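What follows is one structure encoded as structure tokens, with my remarks underneath.
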Amino acid sequence: MDIMIKILYAVISVIVATVYGLTLGGVVQKIYARVHGRFGPPVWQPFIDIIKTHGKRVSISHGIMFYLGPVFRFAGGLGTYLFIPVIYGSVVFANFSMAGDLLLVMYFIFFGQLGMALGAGEGGHPYSPLGIARGLSQMSTFELPFSLAVIAVAIQYDSLNITTIVAAQQGSILNWTLFTNPFAVIAAMISLLGMNMHSPFSLVLAPQEIPIGPPVEMNSSFLAILQTNRGLFTAAKLVLFMNLFFGGATNLLIMIVKTFFIYLVSVIVGAAFPRFRPEQSFRFFLKWPTIIGIISIIFIVYF
Amino acid sequence: MVNPIYIIILSLAAGFLLSIFDKSGRKLSLIVFYSVLTFNVFVIADWFYRFTVLGVSTLTINTAGFSAPLSINLQLGIQEAFVLLFANLTGLLAAIYLIKKFKESNISSLVLYLILIMGVNGLVMTRDLFNMFVFLEILSISTFALTILTKNKKSLSAGFKYMIAGGVASTFFLLGVVFVYYFTGNLNLDFINPSDFTNYGLIAIFLLSIAVFIELKPFPANGWALDVYESVNSGITSVIAVVNSAAIIFVFYKIMPLLPQNLLNIFGIAGVVTFFFSNLMGLKQTNAKRLLGYSSIGQMGLLVASIIYTIHSPNKLIYLIVGGFFTNHLIAKAGLFWITGIVKKEKIKDWGILKENKFLLILFGLLLFALSGIPPFPGFWAKWEFIKLLVHGKMFFVVGGILLGSLFEIVFLFRWFTIAVKGEVPSENPKISFEFSKYFSTTIFVGITLTISVVIMKYFYDFNWFQFLPLIAVVVLYFLDFIPSKIKGFLSLIAVGIYGYFLYPFESNLQLFFGIIFIVGSAINIIATLNRKNINKGFYGFLLMMIFSFGNLLIAKSYLEFFLAWEFMTISSFVLILRGKKAQKASLLYIIFSTAGAYLMMIGFSLAPNLTSNSALIIAISNINLPILVTVLLAIGFMIKSGSLGVHIWLPEAHAEAESDVSPFISAILLKAGVFGLFMVGISYINHVPAFDMFYWIGWIGVLTAIVGAFLASFQEDAKRLLAYSSMSQVGYIVASIAILSHLGWLSALYLSFNHMMFKSALFIAIAGVYYRTHTRTMYEMGGLIKKMPLSFISVLIGIIAVSGVPPLSGFGAKWLIYSSFIERGWYLQAGVLFFASAVSFLYLYRLIHTIFLGQLKYEHQNVKEAPIWFLIPQVIFMVGIMAISMYPNLIIQPLNSIVGNYFNSSIIVDGYNITSSLGNWNGNMIMFVTMGIFVVPLIILVLLNGRTQTVKQFNIVYAAERPESPQTTHIAYNMFAHYRKALGGWGKPRIWNFWHETNEWAHSLSGLFRQIYTGNGQTYILHIILYIVVIYFIMGV
Amino acid sequence: MKKIINRIKEKIEIVSLKQRDDLYFINVKEEHIIFLLSYLKEQEGFTHLAFLQAVDYDKYNMFQLTYMLYNYDIKVNFGIKVIIDREKSEMTSIHKLWAHAWQYQRELHELFGINFPGSPRVDESFVLEGWEEIPPMRRDFDTKEYSEKTFYQRPGRSTNDPKEYMKEKLYKNFVEPPKIRREDD
Amino acid sequence: MIVALILGFALLLIGIYGMLSQKNLIKIVIGFSIADTGTHIIIVSIGYLRNRTAPILNSAVDISKAVQQVVDPIPSALVLTAIVIGLAVTALMLSFVVELYKKRQSLSIDDYQELKW
Amino acid sequence: MDKKNIKKIEKEMKLANEGLPEKERSLFSDVRPTSVTPLNKYLEKFLNWARAESLWFLGFGTGCGAIELRPLMTSRYDVFRYGIAPRPTPRQSSVFIIGGYASMKTVKRIVRSYEQMQGPKFVIALGSCTINGGMYYDSYNTINRIDHYIPVDVYIAGCMPRPESLIAGFNKLKEKIKAGECDGMNKYAENFDWYKKNQKRVIKDWNMPDFNW
């Protein structure tokens, strides 16, 4: 019986997260517009776009794997979100986190990535494998600092369970990981830039070089599912970062505020920097962020 | 019963009477000739039978009616009978070999041949020194004369050089004899007491022994012998190389008791030096007979060293070691010389001609294996015991010289074998003429080697029939080779089943686990081999041999049994790899690395303290305190076999070049043998933790193998090479998790190895199916096969999801276990690097599935059908296995937990499906159901909201308002991660490959340098002999 | 520039015309053209071929090709005109002298039908894919009639003289401005 | 006895020196036979006892006192076979030299170097 | 027209695709486009509202009109305010802006891109050249009436209308969509053969399938 309730709660929290993710996207579009000095689309524009794309009457598919590509991607996004305990202490937003575990969440991100890669690959368009090759290589490089940061956190709180990590960070602002192990946070935030694929690292959907990379053949409802996933997936990642490094959230409002500012970091960096060449971005991640990651581990082990 | 003196009398009489018989026709003289030779053989055989079985004491024969000191007495003991039996037998068979030559040449060659045999018999039996000189001279003169049996410029000059050197040596021998007489006043060996040779007397015995030693062709002074081996007729060379050397080595054995200890040591060292340098120089040889010459000199050196160093050990051991080396050298050398005589090809690279004649190739192979000391041939046992003896005697320098020398020998012998099997047939006169006589003698000799090895196996070691199983499998299937391949496949499947049944009652469940991997895994992979169409001779024989040797590895009770099974596995996998089309270099690389590993293990095992309980090795070793050096050696040996960093270059070659249905065996199961070994070393290590924390470094090696393997795999163009590097990287994970030496670590190692066996075989068989249909392995030539081969696509998809560790499937369990064990153990940086490796593994996994199955379908693959049924069945089985483990992880976690339980106290709690370790918890079952649930939600949304979907063909893509020209230009596959390689920059250089390439170059140039000694000038050879004597004299420090 | 023309005159018989002090034209016979071009390019420093154009005199049944060269040192444009027969309409290709000449020759081939044997990709379509009519730039091809034939006309097209139309439409009550005398006319 | 011994060794060394230095094949064979005779002399001189006669039992030495008058008989017996063997070996060597000359019309040992390395 | 007979229609009326060489016929889909009528009125009204509010135009610059599209995205005219955004591929865009004269070569690419667009798609034609050939009416190369080749929803006159008039055009398009009049896709599918005949008359070497899915 409680399974049904848990599923109901999960559905509610997913809807909340998706709405929040999409509005966050709309707000970020507004911020970009303001940086360019124009008004920019209304904040709820992503919702309209989704409805319009779903509204398409005709769609083309390149085969079964192409059909399942977006399904894998959205399932990846859903899975990542559902395995993270969003609000510390609340039952509604606990999702399926009782099995919640950092490694599971980190590897579920790959699930979405792999599914998308296969779906786009079947499309047959040369741009999609190019985009995916760049995406996977970049993902492999920014995973290194992120994993080092995660290991540092795991050592510090002596557990891979997100709920225990968040619990350890409660109390005052000072025992957030931000202050107890700043290096880990720096490394993680840099790899977040890579994860969110904002401008300096927007190799995958590089509009000029390979017009929108992997999803070039995605149309109508396939595209719509990808758009909803972009909302949910960003929300999930931000929640993960919030839990790990910024002390989690006891209620929805704190969650929204914290995740917004985390996202703001990559948005501002994105608005200011031009895009890297692929090898530059790989080399960038393997140089300084990795060193900071290693320092964070040494810092934790010896202090 | 027949007095051995008659041998000498009869051969002498026949020698003189032959010319008379010849008057009345050559046929009669031949009959007499051969009857005399057979008479000799029977007499000796009868005596040998009496000595060994009836235990008759040694026989002394007095001549001329007087007792010993006054007259010459002959002695026939067990040693003499043994040597003479072989010498006469070789003499007879060589004569049969030369029957065509004897028919044509004049009668003198027959006479000389008989005199030679008489000289050999006399030399071995006589106890009197001067008489020995006389027989030695008779022997040398007849050999000098026989060298010009085939008159050509080369044999003449070689004969001349041989004669001068022989003459000088016999002069010194004469001087030695005389001075011995002068100092001891006695010529008979039995009556000379070694104490007489005090200060001045030493010169006498020195001259005597150095002359004999020169005759045995020591390293710098053996140029003259090489020329003879190279140019003289093969039959005669075999007689010189075997019969003469046997006699002279026995003379050395007779005068050895007289020699002082320091002289003995010098000769021992000289023997080892000869063995090492002649094998080193063998590397550079291109002429077949000259190569055999170098090898026979080397073997003589080894024989001398073995005689000297086993002087104080018990008789049984002497017989085994010296007897083993003696028969091994004698039979292999004679057989190989005869085969060079049959094939008549000067250059080694023309030996591709042997491919035509399968029977001769098998003979050639068996003789080469015997020579290089592969089990079950006598050379293997002798070398094992000898190394054990030397290692106990703390003579590491000698052990090093011998093992390195035999490694060089393995290199040039197996290079020769691979050329013979895989080399291209030379254009001119491709046919080998069939001469019954030559085939007859070679087959007899091969038969004798096999019988001796069986005798050794039975008499010296009481093996049960399990150890023989691999051999029996090869022989049985050799005779069943005419049956079509499918029936043989089923037969071998049943055989593996029965073998598994017999093997079943394992002592420890770790054995059971590895048993499942080896036996059940190979059984399923055999199904894939049923797809073979033609007869393909010898495939199933060696396949069964490999599988049975896996099994024997588990139940081995002693070090020797383990090592025997290990060598059987190496040789059978070598032959399987060699079947690949372009597998010549790959198999050579494989056998060199494996033998190097095997030699390290041999030293390790001989150093290890002997076992106490007689249970299986894996259990017995837990209460053995292996010293640190042994663990290091064994670990290196096992890591070579599991392709760790630094010694991994054989792995991609072997996997890629082997036939497509053989590579699953090699990558999924063969590598696990190395893992099993590492477990064995680990088990003994955890009970007695020595000071130096070796497993920390093995952990680092494992981690680095994982990361380097992943990077190398992602830059490959050939699918099988990519999978080979991926197995290397996965085994790197396993090695690293073994090195953690914690409960969780070993649990993850076992879990991952079982997983790896399943998904790697599924992937390799899928690629085999694709290769079978598209006949190409390079990935950029394929593409878009999902439409034509959907089932293979699904199996590869599940395979790569399992490899990459993405949650729902069992791969994630392995990753979770590994990372928790690493963090729990405190190896944080290694965990970070491992995580990076698993992220990089996505690259090559995506590359594999995209380039082959997704993207654009090429024109030529338009009508490709699905992979044949035989490839699909094993893939389905493995897929079901993977899904079962990912759905209900307890199926495997529970048993593994209990296995590892009896080594470490368990650090994880398993309640229901929720496994909690000190760091976090993982519930495979729940994750699987949640993922399935999550997967359904977007599927429903998509199906509901999607408008009318039109499935389109491959060219309906948005191509910037143009139409794609051709599938080749629109399929992205070639050099996919070029930007990543550019980013890696200097790190991408193949450093390890270059390192091994440099060592190879260096060894060959060194060998080129040393062989300059043989300038070909007769005089320089004499100068070498004299200088050699002077040098030994000074070293002896009289 | 005078010296250059005199030197050319010694060699071959030409008619020269000075348009501006940085633009000269000469007419050359067909057989001298290749010699002249290579001479100017190698010796006289006219290294740059600006363009190669043709004019269709169907009345005189001839094409006139103009090679416009430019000399960077003395900053002079030098046009070389040559007459070729309209029926044969063939000219030796100069892509060996200037590599990029194939582009002009291909265009001339498509639009005028002048053939340049040996020039790379001369018969590939340039602008008009699958054109069946006669080359469109020739005088005897009537584009207006062709356009009406192939493309659908939208009825109700009317054209009026811009001057009157502007006056009538926009500047109805426009007063002519008084004429101002300028000192130079 | 010492003088004979030294003579024998001298001959031996001359013979070996001859074999090593001379290029001509026949000279090498001659060197070999000199060395051989040198060894024979040594053998004989080994058994020499002062003012004793050769061990031939004939009229000069009667059987009964032979043991005191006769030099050590064994080396002398041995030297006989040694000489015969030396003769056989030298004969064979010369026949080889003849064969070699027939093949290559040259007697210098440097011309027979094709079998090397 | 329920699902059953659509399948039947599709089966008989396979497109011939003769323009393609024999070898490549199997690489292109030969299914005939069919008109898809909306399910129910109110949902369609709502979807039309959504389609109007988020117009994604295809960045396909033909003729001199393309230069007018760029300023739209700058802060001076800021067309994003109306939910209008450029998309690189026809698969994801719903508005196809033809800016100016279309030569025979360009018409081929226009047809191909138009057919690759999905679902309810709208066409805005800029400038007089698309209406009646403009000043190139008598050229041998320029199309005089674009609506004979693809259905057009909104014409914006002017020899290159300024961005303000472009925005006005967009607004006009929004009203038409909301009113439900823009039904180019079905129109194209219904008289598909007429359009094909016109196109084939102009495009000579037709090395592409009859309908570019």
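Residue numbering begins at 1 within each chain, and the chains themselves are lettered A, B, C, D and E in the order written.
Here, a residue touches a chain if its C-beta (ideal position, glycine included) is under 8 Å from a C-beta of that chain, and two chains touch if they have at least 3 such contacts.
Please read all numbers here as calculations on a predicted model, not as lab measurements.
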Given subunit C and subunit D, the chains that contact each of them: none
Touch graph components, with subunit B removed from consideration: A, C, E | D
Touching subunit B and also subunit D, the following chains: none
Per-chain Cα centre nearest the global Cα centre, belonging to chain: B
Centroid-based (C-alpha) most distant chain relative to subunit D: E
Winner on C-beta contact pairs when C-E is weighed against A-B: A-B
Distance between the centres, which are taken as Cα means, of subunit D and subunit A, whole angstrom: 100
Geometric centre distance via CA averages, subunit E-subunit B, whole Å: 72
Distance between chain centroids, defined by C-alpha means - subunit A, subunit C (Å): 61
Length of the line joining the C-alpha centres of subunit D and subunit E, rounded to whole Å: 116
For subunit C, residues that touch 2 or more chains besides their own: none
Set of subunit D residues in contact with two or more other chains: none
Overlap residues in subunit A, where contacts from two or more other chains coincide: 56-60, 216-217, 220
Pairs of chains found to touch, sorted by chain label: A-B, A-E, B-D, B-E, C-E
Contacting residues of subunit A [partner subunit E, same complex]: 29, 33, 36-42, 45, 48-49, 51-53, 55-60, 207, 211-212, 216-220, 223
In the complex, subunit A residues that touch subunit B: 54, 56-65, 67-68, 70-72, 74-75, 78-79, 82-83, 96, 99, 101-104, 107-108, 110-111, 113-114, 117-118, 121-126, 129-130, 132-134, 136-137, 139-141, 143-144, 147-148, 151-152, 154-155, 158-161, 216-217, 220-222, 224-225, 277-280, 282-283, 286, 293-294, 297, 301
For the subunit B and subunit D complex, residues of the former touching the latter: 130, 133-134, 137, 140-141, 144-145, 148, 151, 153-154, 156-161, 163-164, 167-168, 170-171, 174-175, 177-179, 181-182, 187, 226-227, 230-231, 284, 1011-1012, 1014-1019, 1022-1023, 1026
Subunit B-touching residues of subunit D, taken from the complex the two chains share: 12, 16, 19-20, 23, 25, 28, 32, 35-36, 39, 42-43, 46, 74-75, 78, 81-82, 85, 88-89, 92-93, 96-97, 99-100, 103-104, 109-110, 112-117
Residues on subunit B engaged by subunit E in the complex (per definition of touch): 859, 862, 947-948, 950-956, 958, 961-963, 967
